Structure formats: structure tokens, C-alpha cells
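Chain naming follows the written order as A, B, C and D, and within any one chain the residues start at number 1.
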Amino acid sequence: DPQERAFQERIDAGQKIEPKEWMPEGYRKTLIRQISQHAHSEIVGQLPEGNWITRAPTLERKAILLAKVQDEAGHGLYLYCAAETLGVSRDALYEQLHTGKAKYSSIFNYPTLSWADIGAIGWLVDGAAIMNQVPLQRCSYGPYSRAMIRICKEESFHQRQGYDILIKMMKGTPDQRAMVQDALNRWWWPSLMMFGPSDDASVHSAQSMAWKIKQNSNDELRQKFVNQTVPQAEYLGLTVPDPDLKWNEEKGGYDFGEPDWNEFFEVIAGNGPCNAERLGARRKAWEDGAWFRDGLTAHAEKAALRAQPVAAE
Amino acid sequence: MVQATAMQAVVDRAALFDFLLGMGDNTLILGHRLSEWCGHAPALEEDIALANTALDLIGQTQLWLGLAGEVEGKGRSADDLAYLRDARDFRNLLLTERPNGDYGGTLMRQFLFDAWHYLALKGLRSSCEPRIAAIAEKASKEVAYHLERSRDLVIRLGDGTAESHARMQEALVDIWPYTGEMFVSAAHDLVLAAAGVAPEPENLKAEWHALAAETLRAATLEKPEDRYMHKGGKRGLHTEHLGYVLAEMQFLQRAYPGASW
Amino acid sequence: MVQATAMQAVVDRAALFDFLLGMGDNTLILGHRLSEWCGHAPALEEDIALANTALDLIGQTQLWLGLAGEVEGKGRSADDLAYLRDARDFRNLLLTERPNGDYGGTLMRQFLFDAWHYLALKGLRSSCEPRIAAIAEKASKEVAYHLERSRDLVIRLGDGTAESHARMQEALVDIWPYTGEMFVSAAHDLVLAAAGVAPEPENLKAEWHALAAETLRAATLEKPEDRYMHKGGKRGLHTEHLGYVLAEMQFLQRAYPGASW
Amino acid sequence: DPQERAFQERIDAGQKIEPKEWMPEGYRKTLIRQISQHAHSEIVGQLPEGNWITRAPTLERKAILLAKVQDEAGHGLYLYCAAETLGVSRDALYEQLHTGKAKYSSIFNYPTLSWADIGAIGWLVDGAAIMNQVPLQRCSYGPYSRAMIRICKEESFHQRQGYDILIKMMKGTPDQRAMVQDALNRWWWPSLMMFGPSDDASVHSAQSMAWKIKQNSNDELRQKFVNQTVPQAEYLGLTVPDPDLKWNEEKGGYDFGEPDWNEFFEVIAGNGPCNAERLGARRKAWEDGAWFRDGLTAHAEKAALRAQPVAAE
């Protein structure tokens, strides 16, 4: 297909694809799946952190967390807009989320059980997200690439704030230090799983790489994350909960154990600690809010009608 | 203030402290209520706007309670005041601690509060106490936006569908008896008004009513009669709801006394 | 127990402490949830029955946590254990901390718990540890009545109107994934089972399932398949709900440390 | 009317009237009003105390409060049963409560703001209730009289428990003592109002006294309550919030100030701090519980049908 060939050549030449330009159906579908999954993750991701806003331990921490959650909702908005440029409405994407057809990042199916979890999410979850997202700034699809540039800037800010929570707690009381270690114990493996299974197990990877929707292999990014994170854990004075973790001088990186992929697939399939609650909360918000959205629509229609010139006296 | 006699300064300090607590407790408690919505609002734009409003209110809390602690002069920080007082020492309006209700209830409460807040801050911008004027200056920019937004939504939902109209009217009737307290002068209000520190609450009433009436008319909602009005918040006599808010909000500071976060 | 070696005694003490916390935390947290209904139940008889059940559970909490404190030997009272631990140190089943839902949800949770509680206490009555056997003896009389009542109501509502049937079925589906944890043996359970102190949780499973199946059949409800089962409560890994329960429950003890009430 | 005369003679002779016996309509109506008002007070009264069960400061206090609230619901049950003997159903009485037609004791429209309020309610509110109820044990209507005998026994137990809460707190920290004084300040006047306005202002009093539905005047009981309570306040080390309070040697009792009857009538008219919430909570409990009650009824009907012998094979 000459059209597809020309498309691939543009991508290979590093050109950006823009909304109104021709693109293969597979490219469009892959992008919609990936962008909407990312958008859903941002909005579901409000819930575990939102769980601690009302209990944040100081006014400053409360303000920082509010700002962060607000940013996440904003990221959701950019991403839904990016997806809309591909011809799918936000409501249609919500529908897919609410019926369980679309996924969101599985990590948000774990509960936030102490204030240290808020730090750990910033440090580890946002850290892993950045690792995934930085290459996406160079994604071949223009609107997605531009959204990622904005998002990455804010995410790295969030990651520093999360780490800062943990630094402060590690300088604190034994109870606080225990909370931090406990948070790392619970979030470490789910964070590693955020990169997805080994690429051998992933069907979409090769095509996505060719299309420059994806730029690095899952294992590559996971290795990079571990290499970056382990020294940070050590700096905090924490023990990474992986007995197989050790520095490998030869490869210039850490060797580490295999995440429990069984758990990963279970949680994706709906069998995680908070799946039902997260999805239930989003569905309820949507259903309870129907009257609100309908009200605004009705008002807009009335206003438009009033604004029309009167046809006949 | 600078030329005040020693006696006056003492009187003013207690009055000033109470007043500043009131401002800071209003923003703290309402900010808490708004943040309960996090992730549960009816549209993504609303999640963003609510978090933004809550954030502004918490930021203002830091300023008001920070100044309150300074004025008190006992070394209490804004955090100490927020996290280590029990309900009886809170000075917020009862309106701010009312449960969220549905999203219409939250918006109606917000509009009625924003209108008052905006007018109060407008008056405080010309306070003879420069630190108060400075906080009011900063806050009133934020609050002008809060008001613009909540007013607009009240109008659109009041004049939306039959259901949205009915919900907004019900929210209005429910919350209305908590609006009178905004205009009741506590002892400290009179002292501060006389000294030019803060406007007398009573004096905001006419303008607030005009603003409310104009908005509710545009929203096709019926403004309730002023009948029985709840009060007590400014004297620390709250509803049964505040205790639960504080138990949740203060948990970490209470459970881990002296820890830094 | 008396003839145990010193080493064994130490191991047993830690296991025993964990076990007793589990028993006491179950009754404490479920008692808390039930008491949230106070004055809001659908019939006066239900208000009475719920308060009565909660009262029994709190009474049992005093016994279990009192004994836990003794066994621990660090001078902590039942109140210290109830009011001064954070969520991570609670050992209750996740089932007990689930929000009440509608009244059907509360009753279904109660029935599934009562059935387990009854069987567990039956086993504990022949514990080789006499203080445990004595508590179980007393508690099992109360719990036999709880079970009789919750079982009866589940049957009547399951086989009532179409609406009550649908609500009970939904409640059942919602809570079912929290029942598996009742039969999971923690490390301490195996130690205690081997020592004849407590039955192994796994061993209660068949009888519980039979009782549940028989009741649900009479209620014309469909027993869900055992699929994914939540767990973690016995290791202190709770749902996000427990923190809120504790913030409320512990407020006075946390806010006024050292005060007597 | 000879029937009425005979009725009055029986009452004057101290005989009890029983459900199936003839009685004047006014007697029946007055009793229904009074008993149902009392029953409603017991169930609405669960709410202010229920507000502190989940926050009771010790397990023992929690158990005591649970038992107390359970007793109150039980009292409600006795009283609705007593009212039913007069030919009015419990559902009909609820209906009157929920529509605002029937009243309940106005004191429950005040909020419970600290743990000391739970003590104060036991001491003052139950104390005033007992003062009202002890004479009712000798009421001319048998079922009411017998219900009151059971109730009074439990109430005096509750009063001691309430007082005990306050003793403990007054021996405690300055914060605790301040809570107790604050509770007395808030509950004192509403407690005095529990006896109702001066008898001059009460239309029903004279007839009720003749029928032995009422045995003492409101002012008599109020005086007795003050005389009993002031020394108890002094023993606790509290200041009664009444500048006019002083011992009157001549009358052998205290002189005291006039309650704010304006507030009293306002609260009765619905304008108290918690009227809307108390009634709203009861209405909601009733409405939300409809499916439950309907379910039980439907089951009972099915069971009755199944129990019938089959008419034809």
C-alpha cells in the first residue's frame, strides 16, 4: 500500500502526524487505546491520593496534594482532548471505562493505607510514569507528543514532592520510618509492574515501535527505573523488598527479581484490592452527575435559542 | 493601631485573634468539604475547579491562621491552630461545615459563601491593619473567580432542566437558614469595626442580599424568606458535623504528637 | 501451655497476642459499624436488636483485648489497645470494616460473620487455654442469638418482595469476596492450632459453607462462586475504610492524651 | 352525663382504667397525645446520644451508652404499645411524627457537642424526665402507668450513669472540666423548659389533673428539679448559669430566673438548632426502610399461605 508506505516514511523521517492527516486504522486504534488508557489512569488515579487530602498532616502538605490531584485531572483533560482529535468523544471513552472495556493503570487498584503511601506514589508511581512518558514526548502523533511534554514537566515536580514527603518522614520518629518502609514494601513490585510484562509477552510492541508510538521496550524502561530508584531508596535508608536485588558491575545496572506476574494479570482482570471500589466510585460519580450535565446542556440550548434573532414579529 | 494605648492593644489583640480565626477557619473547613469531592465530581472540569478552589482556600487558611498565631503571640503556628484545636475553639460559620449534599448543594453553599467572602474581602482590603489588607488583596482576586464560577453554575443549573431546577431550589431552601450568621456581629466584630480593622458584618448584608437576589432571579429560583437563622459558629457553638470533620482532618497530628511531616 | 518450654512460651505468646487481637478487633470494628445505625434503622425493633448486638460485641471486645493486653505483658489495657493503635496494627477481618451499605448490606455482612463467629467460638470453647475457653463460652451464647436473628432476617428478606430479594442478592455479591479471609490461616493460627489453643481457620470452612448454603437456599438467594477473595486484615493490611473508622473512634483518646473518662 | 360521672368517680377512687373499658373521648385523645409524644421523644432521643457512641472515649463508656440508647428504643416500644391499646397504630403515630403533626420533647433539638453533653443529658435531661415521670406511675390509665413503672426504674439508672460521667471528667484535666461547665451552660435552661411553661399558660392542665393523667403542676416539678439539681451541680464544682439563682430559706427551695420562653416556643415551632436534622433523620430512616418492612410483610404472607392446608388436590 503506497499510502501506508508514505506514512511510514514520514514517521521514519521524524515528522509528526497531525489530526486531519491520513493514518492507518491500526495506528489510530492503537493511539486511541493507549491515550485513553492513560487518560483514564489520570482520573482514576485521583482516588487513591484523594483518600488522604482530608487527612493530610499539615496545611502545606494538603495544599501540595490538592495541587497535585488537580494537575492529574488536568492531565486527564489534555489526554481526552488528544484522543478526541482521533475522532472519539470523551463520553464514548468514559463509557468504555465504566463498562470495564477500557483499562487504567493497574497500580491504582492498590489502597493508600498511610500518609507514607502518598510519598511513595509520588516517588515510585510518578517515577515509573515519567520513565514511561519521557520517550512519548517524541511520539509520532503530534497532539499526543505535545500533551506529553506538558505532562512530563508537571510529573517530575510531583515526583520530587513525593520523595520530599519520604525524606521528611525518614528524618522523623520510628513510627514514621516504619510507615515509609511499609509503603515501599507494598508499592515496590506494583511499580515495577507498571512497565508491563516482558516484551516477549506483548503482542503490540513491535508495530508500536515502528510507528514511534512506543520508543523503548518494557524491560529496558524497567531496568532504567530500577537503576534510578535503588540509590534513592538507599539514600532514604530503606530496604528494597527484593532479595535478588544486587548491583551487576558488568551490565552497569542492577539485577533484580521477577515481579509476580500472576498478581499483575489477576489485578488487570479485576481481582485487585480496590478494583471494584475504584470503578464503582467512577461510575457513581458519573451516574450521580447526570442531572448536572443535563442541566448545563439544557441551559446552553435555552441560551442559544434566546440568542437567535426572532423570525417574525 | 500603632498609636493605640496599651489597654486598647490588649483588647484589640483578643478581638483580632478571634476575627482571624474566623477567617481562617471558614476557609479551612470549607476547603475540607470541597476536597471530599476529589475524584467524585460530575465532570472532569468540576474536579479541577473544585480542587482549585479548595487549594485557594487552604492557601488563604495558611495566611489567616499564620497571622492569628502571630497576633496571639504564644508561638502557635497555622498548623497548630488548624490541627490542635477542638471544635469548641473553632470560629467558622456553620454554613461552611454543612455536609456536601449532592453537587447542587455543594454549589449553592459555595455561591452563598463566595458572595459573602467576596464582599468581606473587599472591605478588608482597606483595613487599617496592613497585614490584613495584604491578605485580603491577594485572596480577593481568587475569590472573585470563585464567585464568578459558582454564580454562573447556580444560574445555569437553576435555569436548566426541571430536575436541576428542583435540586437547586431544594439546596437553596436547605442552606438558607445558615446564611444569617454571616451578618451577625460578634463582640469582636464591633471592636474591630470601630477601629477600622474590619467592616461590620451587618454592613455587608444589603449588598449580599442584592447579589443573591439578582443571581437567584437569573437562575429562576425563589429566594427564601429570612426566617429562623442558625448561629453559634462564631462563638464556637457548632453543628454536630464539625466534630467528625476534625476527627478526620486532625488524625495524624493527634495520633503522632510532635512528629514533623 | 503450662508445661511448655521457655522458647515455646515466647513463640506462643506472640501468636496468642495476634490471635486475641484478631478476635477483639473483629468485635470492636463490627460493633462500631453496627452502632453507626443507631436511631436510623428501618424499624424500632431493629434499632433495639442492633444496639443489643453492638453491645454484646463491645463487651466481647473488652474480654478479648483485655486478655491480649495481659498476654502481651506490657501493661496495655483493652482501652489502650482499642484506642491507641493505628490501622496497620489492627488484625480484624476486612469484612468487619466494610461500610454498612443499606440495611440489607448490614444484615448480610452480619449473617456471614455471625456464622463464622459462631463456629469459631464453638471451637474455642474447647481451647486448652482456659481463659480463652471461658470467653468463648460466654460469647457463644450471645453469638448463637445473633446468628439466629441475622439468619432469620436474611431468609425472610431474600424470600420477601422482588425488591428485598434483589437487594439481598446484591448485598451478597458485594460482600462475598470478603468471606474467604475468614478461613485463611495466618502463621499464628497454625501455631495455635498445633498447640490446641484455637481451631485452624481452614477447618471451619466446610461447616460455614454448609450453613451459608442452607440459609441462602431458604432465602432463595444464589450463593456466589468462590473467586477472588480479599485478604490482609489478619496481617494488618486493611481497606481504605479502616483509617476513617479509627479517626472517629479514637478522637477523644488521641486529642486528650492521658485523660481519664 | 352519668357515664362520665361514673368514670370520674372511679378515677377519684384511685381505680385504674383499662383498655377495653369505656372512657371519654377527651381522655383518650389526651392520653394518645401525651403517650405518643413521650414515645416519639424516646426514639428521637436516640439521635443526640447516638451521635457519640462511635466516639465514646472508652470501651466501658461505649457499652454503657449503647445499653442506654437500647433502653430508650425499648421505652419507645412500651409506649407505642400503650398507645396502641387506645386504638391507634404505631404506623399512624409515626406518620404524625414525620409530618410534623406530633411533637417530641424539644430538648432533643439541641446538639451534642462534646462527650460532656452525654453526661449532661443523663444527669439533667433524664433527671427532668424522671421528675415528670415518677408521678405518672400513678396515672389513671393502667397500661401507661405500668409502662412508666418500668421506664422510671431504668431512667434513674441512666441518670446516675450520666452524673458519673461528669464526676469522672471533673476529676480530670482542665479541658475536661471546661467541657462539663460548657455542657451545663448549654443544657441547663433547656432542661428547665422540659417541664413546660407555667401552668397559667397551659390549656390542658386542669382537666389532665382531674383525670389523673397529670399529677403535679409544671412549676411544682420545675421547682423540685431545681432544688434537687443545684446541690448536685455544686458537688461537681460547677456554676449554674443563672445569676438569679439563690437559696430561699423561707420557701425551703431555690429562687431562680425565668427560662427564655421565646426560645422554647421557637424551638417547638421548628426553629431550633437541630429540628430539621432530627426530623429529617427519622423520615429518612423510615423511607429508606420501606423495602425492609415490605419484605418482611411479604414473607409473612407467603409463609401464612404455605401454612394453609391445600384446598384441593
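The criterion applied here is as follows: a residue touches a chain if its C-beta (ideal position, glycine included) is under 8 Å from a C-beta of that chain, and two chains touch if they have at least 3 such contacts.
All of these numbers come straight from a predicted model, not from anything done at the bench.
Between subunit A and subunit D, the least number of touching-chain steps is 2. In terms of C-beta pairs in contact, A-B outnumbers the other of A-B and B-D. In this assembly, the chain whose C-alpha centre lies farthest from subunit B is C.
Taking each chain's centre as the average of its CA atoms, subunit A and subunit C sit 37 Å apart. For subunit C, the set of residues touching two or more other chains reads 86, 243, 247-248, 251. Across the assembly, subunit A contributes 55, 175 as residues in contact with two or more other chains.
Those residues of subunit C that touch subunit D in the shared complex are 28, 31-32, 35-36, 38-48, 51-52, 54-55, 58-59, 61-62, 65, 78-79, 82-83, 102-104, 155-157, 159-161, 163-165, 167, 248-249, 251-253, 256, 258-261.
Listing the residues of subunit A that touch subunit B in their complex gives 43-44, 46-47, 49-50, 53-63, 66-67, 69-70, 73-74, 76-77, 80, 90, 115, 165, 168-169, 171-173, 175-176, 281-282, 284-286, 288-300, 302. If you check the complex, the residues on subunit D that touch subunit B are 48, 51, 55, 111-114, 175, 179, 182, 186, 266, 270-271, 273-274, 276-277.
Those residues of subunit B whose C-beta lies close enough to touch subunit C in the complex are 86, 243-244, 246-248, 250-251, 254-255, 257. Taken together, the subunit B residues at the contact with subunit D in this complex read 86-88, 174, 177, 227-228, 230, 232, 237-240, 243, 247.
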